[in-house]
Amino acid sequence: MYSRFYLSVLLISGLVLITFLVFATYRELNPEWKKYQLEYRDLLIKNAPNEAARKKAKSIKIEHQQIYIKPLKKVDRCMNCHRGVDDPLMKDAKVPHKLHSGDYLKKHPVSKFGCTLCHYGQGRATNKKDAHGKGRDTHWDYPLIPFKYIQSSCAKCHDYLFLKDNGGEMVVEGERLFREKGCRGCHKLNGVGGDLGKPLDIIGSQPIAYFPMKYVVGERNTYNWLKQHFLDPRKIVPGSEMRVFLSEKEADLLTTYTLTLRAEEMPRQFRAIRYTTPVPKDGESLYKMYCVACHGNGKISAYDEILKRTIPAIMNPAFLKIADDKNLERIIKEGRKGTPMTSWKRTAAGLRDEEIRNIIKFITKDRPDERPEPFDYKRFVTDTKHGKELFNVRCALCHGKDGKGGKDHLGLNLRNPAVQKFVDPEFLAMTIRDGRKGTPMPAFGKTGVGLSDQDIADLVAYIRSFSDKGKK
Amino acid sequence: MGEVNQSGIAKFLNNIRSLKKSFLGSFLRSGKPTSDKSRAAVMFNNFFLHIQGVKTHINTLRPTYTFGFGLISLYLLIIVVISGVLLMVYYNPSVTEAYNKIKDLKYVVFGGNLLRNIHKWSGEGMIIFVLLHMARVFYTGSYKKGREFNWVIGIVLLILMFGMNLSGYMLPWDQLAYWALLIVANIINSPKEITDSLGITQYFDIGGFFKELFLGGTNPTQESLTRVYLLHIWLLPMFLFLFLGIHFWRIRKDGGLTRPDTFERKDSDIYYVNPPEKTGGIFPTYKTYGLMELARGRTPAVDKDVENTVLSWPNLLIAELAIFVLTLAGVIAYAYFVDAPFKEPANPLIPENPAKAPWYFLGLQELLSYSAFMGGVGLPGLALLGLALIPYLDREEDRVGIWFTNRQGVTVALQSFIIGTIVVIGILAFVVNFGWFRNWWPNVPQILITLINPGNIWVGFMIVYSLFVIKKTGSTRMGAIALFTMFLVSYVIFTAMGTYFRGPNWDFFWSKSQWPIH
Amino acid sequence: MRCLRRRSITVFLFSVVFLTAVVMLIIRDTESSYAVEDILKLGKKVYEQRCLICHGKDGDGKGLVGVLRRTELSGRTIETLPRDFTIGVFRFRSTPTGCLPTDEDLLKIIDHGIKRSFMPSHKKELTLEEKKAVISYIKTFSERWEEEEPCDPIPVKKPPWVGSPSSIEKGKRVYKDMKCWECHGYEGRGDGPKAEKLKDDWGKRIWPFDFTTGELKRGTSPENIYITFTTGLDGTGMPSYEDSLSEEDRWHLVSYTLKLMGMVGKKKE
Amino acid sequence: MSDKNPEKGEVSRRDFLGLAAIGTAVLSALGVLAGVLRIFKPDVHFEESKKFKIGKPEQFPVGTVKKFDDKKLFVFSDEDGFYAITAVCQHLGCIVYKTDWGFQCPCHGSKYDQMGNVIGGPAPRGLPWFKIEQLVDGSLVVDASKEVPKGTKYIYV
């Protein structure tokens, strides 16, 4: 009777509509977690020790499990699938029904702490992929933390002294490594440290987008980025100047420690910090914290491919012989512009005067007793022109024609304003005359190449004239 | 007394007994529509139905004439409104809560994810169908003969609909939302480009003023979310419904949908309509025009082609119902399979790379990457103005209601389609390969780029080409067809360019798989 | 603008060619005018000015500068001593293994220096005549130069397919079969199982090349890599593969080496 | 009435009254509209101050660049003094990053040189420089609401 076309359209689309409504309802009624809960119930029934327990197990309800932690504003729905996590009967069950390993849950009841506080992952999610936060399409910045880094979560509430004996060795070791590998030579933490790298204060809680994931192998998450970049910084960040050479295990330790550096702070009632860990103040520890990344043991001077320059041997006796404390303090405090050596004073990198003095004390512990023979630069009348000729023949090989040193040159940058400004001519002259034993810098004086004192004075005058030219 | 009481109670009991009948009778006043008269009365007496005529022209019911685009847009709007109200149950316009609320909706609300998908996709579906509707109205010349103003209303509705979609995009407060909000705010800010060039920003910062109005500050904050929310759920819908009312009212006043002056009924029409009964009924087809018996109008309308009309009940209503169910089924099927995008929580410190606006604005964003002002304000403004002016600049009134007017129209449309495609792709290829002024002369003043950029050149070409067509064919309608076809082509191509071929740093990539991972 | 630049380039090139021709004519003229003693005298002077500080007074590589250290990207510190001329063994030759290098080989080293070893380039500092003189002087340090004649250089002709994916794949097999990885490591990082205890012919600790660290000492080009495979590096653990590998296989190996060095087969960004 | 010298443009009393009444209505409506618009703009925005302390001058050794992520700001220090350049791209508000040659915006590929001048991409204007002031206690304050001409560097003790 009615129009055939529209009626058939109505019929077909009505059928499609009903089909999809049925599909959608089915999908909504059968979420992934239900399967796990049913499995869990079957396990309970199977493992029930007595009839009463079996009866109880049979009456268990399949429903949403949610932990709401008010002070943290956290919602965890992990127990939708991991319902057996605090059930002692599930000791031998398989994941996801397995009882939580160790006795952590005794002191950290699930109802108070939830799961994602330590394990991360997306607590609100109710399917495995989203909840574990794996893959980029889950759009979750804090995926489930690999088991080997899990200890980083302990440091949210516990102090290092406690962790040391109570299952947090990796954090403690990581912290030690962090100090001894000299990370703070380049990175600031709590406002103290060098300026070359990025500040690390909240690095562990930065979103994934913060890290350039281009070269990361395997899953692209913060954990893998951190570890792989500890193993080979230049592979992950091309052109990185990070000087770090670690074994696999050390990289894991440092990753664990880095992950403890987070922005959020636990509310008081969660924290259990009893002791503040003392920060070492002695020269050796400080040297390791701030200097060791570049200067190593300070004994040898080598050209460095990473920084593209020669790193001076600051604990070389020949150097210490002529460098007095005041000179050293000035170098450390002001830094050397144009080199990676930052200014370490209180207002820049954040070291206290006392700490700098301790470092100097440590550096100069091998200083030879004898003092060098003074050069007395002032008594000479100098000729920069002659100095220039000498420089081009004698010094340019290593220091470069313009004295700038730099790439593929053994010598240091002599045009460096710090050298020009702070290093007195006496020091320069003595260095040229006596060389630096233990480094490629030979003695140009009578004992070595055989330049006269006048020649050396001319050279010094020429070198010092760089700064005048620089200004023009 | 007792007798009166008794009879009163009896009456009352009687009333109760006949409650169903009397209630239904008051509700469905014309009774079961069995005769033509009662069918007409149903349409007439019902608030919701009376917006439609009692009789409908067969042309309106032919699916190949309208394809139901306008109707589908309306139904999508209804679906959007209903699903939107349902979403409001859970949504909370707060920068800290909005994101979590939507996650909850996804994970623990029965059908919540589907609901969100339906809301999202029917909203975006509206864009497509409104544009198709617009194209239909245009190509059948339906903006003429008194319908000029309704076309303008349609343009207003188009803008409002874009605004609704856009403001909705920002509510989840994820990375997409945040950066889209920022980009839109800066599009609003883009008149600065002109005021800067003129050096009057200091005194007359119109872009900055509106940006501030929109964001409630200088950066997207809670204030911005509140304002966007207000726009999305109240201000824009209110105006949308206001103008929608006018739109429908005008359709009715203009005599329903357009149709050819010389309409010929085909045998195949029998598939679409329930043919009018030749015998019986109150409308002897030989006698009267229109609804004189029922309507207390002044004069019977002539020229209604009454021979080719059929009763709206049931013909029109069954068609409308069919299309409604079709729309709903389509939306739900799509929403079942495709999830609405939802990314990481908003992070003001780390921009998305590429930071893309929602897809329907990516054509604009492509233009924006040449010049912010022209792409964001100048060209869209010009395009909307041009669209609105079409009915006033093309006043040829013959052959309204026929697709492409005539054979020449088909040719012109096809030619402009081909030429438009080639020229747009040519311009894009040129820009991708050789860059623009700034790549050649880095110090070129901005005003020059604002005035001469690929977008402007394209618009200039469109105008010149349609003038050329007008001159060649001697018909303004042909010029309009050329212009509109090119507009559609460029909208589609620019949008596709922005969506599929632009990657990080807005560089060109053949496919997303070539994007550098970052 | 561009036209002007092109013209100035033409003028510049032309004048360079012209000047070179003039200089070469002059040099050829003056060359013959020196007697052998004069050449040695000049050589000695140049040597004492520029070489002595590293290579030592007697050419034994024990100059004042001493050991040169260098920390690679992988963090290992390599110690280098300047070449000892008294043994008469040279690494960077174009002649077969065991042979003396040609004068051109030595000249090339003086001109270009040795990458990553602090041997600087003397191309601009010395005239050709001085360089030749210093080569003559260097030859006086070892008796080998009197007893032997340098062999003929090995011809190098690069096939066009070097660096292609299939060639890389074949090279990878050669790398595996010839046990290159024993020293150079599985990923070419110079950390193979044998690398730990590698010593040169005089008992000094040496390190296999880490391909990821940068330039080849003799300069990174496919030809140079090929010549290294063919001639070997005398005095080190790097043997010559002239006999054990076909020319084609050696070129395949070059492809793979280039891949390890990250110079081919990298996805374009 | 209206036929009274309409060509002279004279207005009768009643017309005048009508015009005045309607005019007043329109004016008051405009006034109300302006007042309504004004509601959207609070006297103070509910956001962080545009002026912020960045620290003492000693904290910026000569030759350093510091990026203040949350303030979207670069602070430079060279021999001639301090200067602050915004990190907000002037095209559509993305955040630029520092490169060897200047600044690069990830969104639409705008490029700026070291001074913040546009050298590529769609950005309509260079990155603005902000005013730096010094407080009594010696610390530096960047005022991100006040632009200064490019090249203005501040020298403080």
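Letters are used for the chains, namely A, B, C and D, taken in the order the chains are written, and counting of residues starts over at 1 for each.
To be clear about the criterion, contacts are C-beta pairs under 8 Å (C-beta built on N, C-alpha and C of every residue); 3 or more make two chains touch, one makes a residue touch a chain.
Just so we're clear, the structure is a prediction, and the values are computed from it rather than from any experiment.
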item	value
Central subunit by CA centre of mass proxy	A
Of A-B and A-C, whichever chain pair has more C-beta contact pairs	A-B
Where subunit B and subunit C are represented by their mean Cα positions, the distance between them in whole Å	73
Centroid distance [mean C-alpha coordinates] between subunit D and subunit C, Å	60
Cα-centroid distance, subunit A relative to subunit B, in whole angstrom	53
Rounded Å distance between subunit A and subunit C, as computed from the means of their C-alpha atoms	39
Junction residues of subunit D - those touching two or more other chains	none
Sequence positions of subunit C contacting 2 or more other chains	none
Residues of subunit A whose C-beta touches two or more other chains	none
Chains grouped in pairs wherever the two touch, ordered by label	A-B, A-C, A-D, B-D
Subunit A to subunit C touching residues, read off their complex	234, 243-245, 300-306, 311, 393-394, 397-398, 408-410, 435, 440-443, 448-449
Of all residues in subunit D, those that touch subunit A in their complex	56, 58-59, 61-64
Subunit A partner contacts - residues on subunit C that touch it in the complex	49-50, 53, 63-75, 77, 115-116, 118, 120, 213-214
List of subunit D residues in touch with subunit B within their complex	37, 40-42, 45-47, 50, 69-70, 91-95, 104-109, 118-125
Subunit A to subunit D touching residues, read off their complex	195, 335, 337-338, 342-343, 345, 347-348
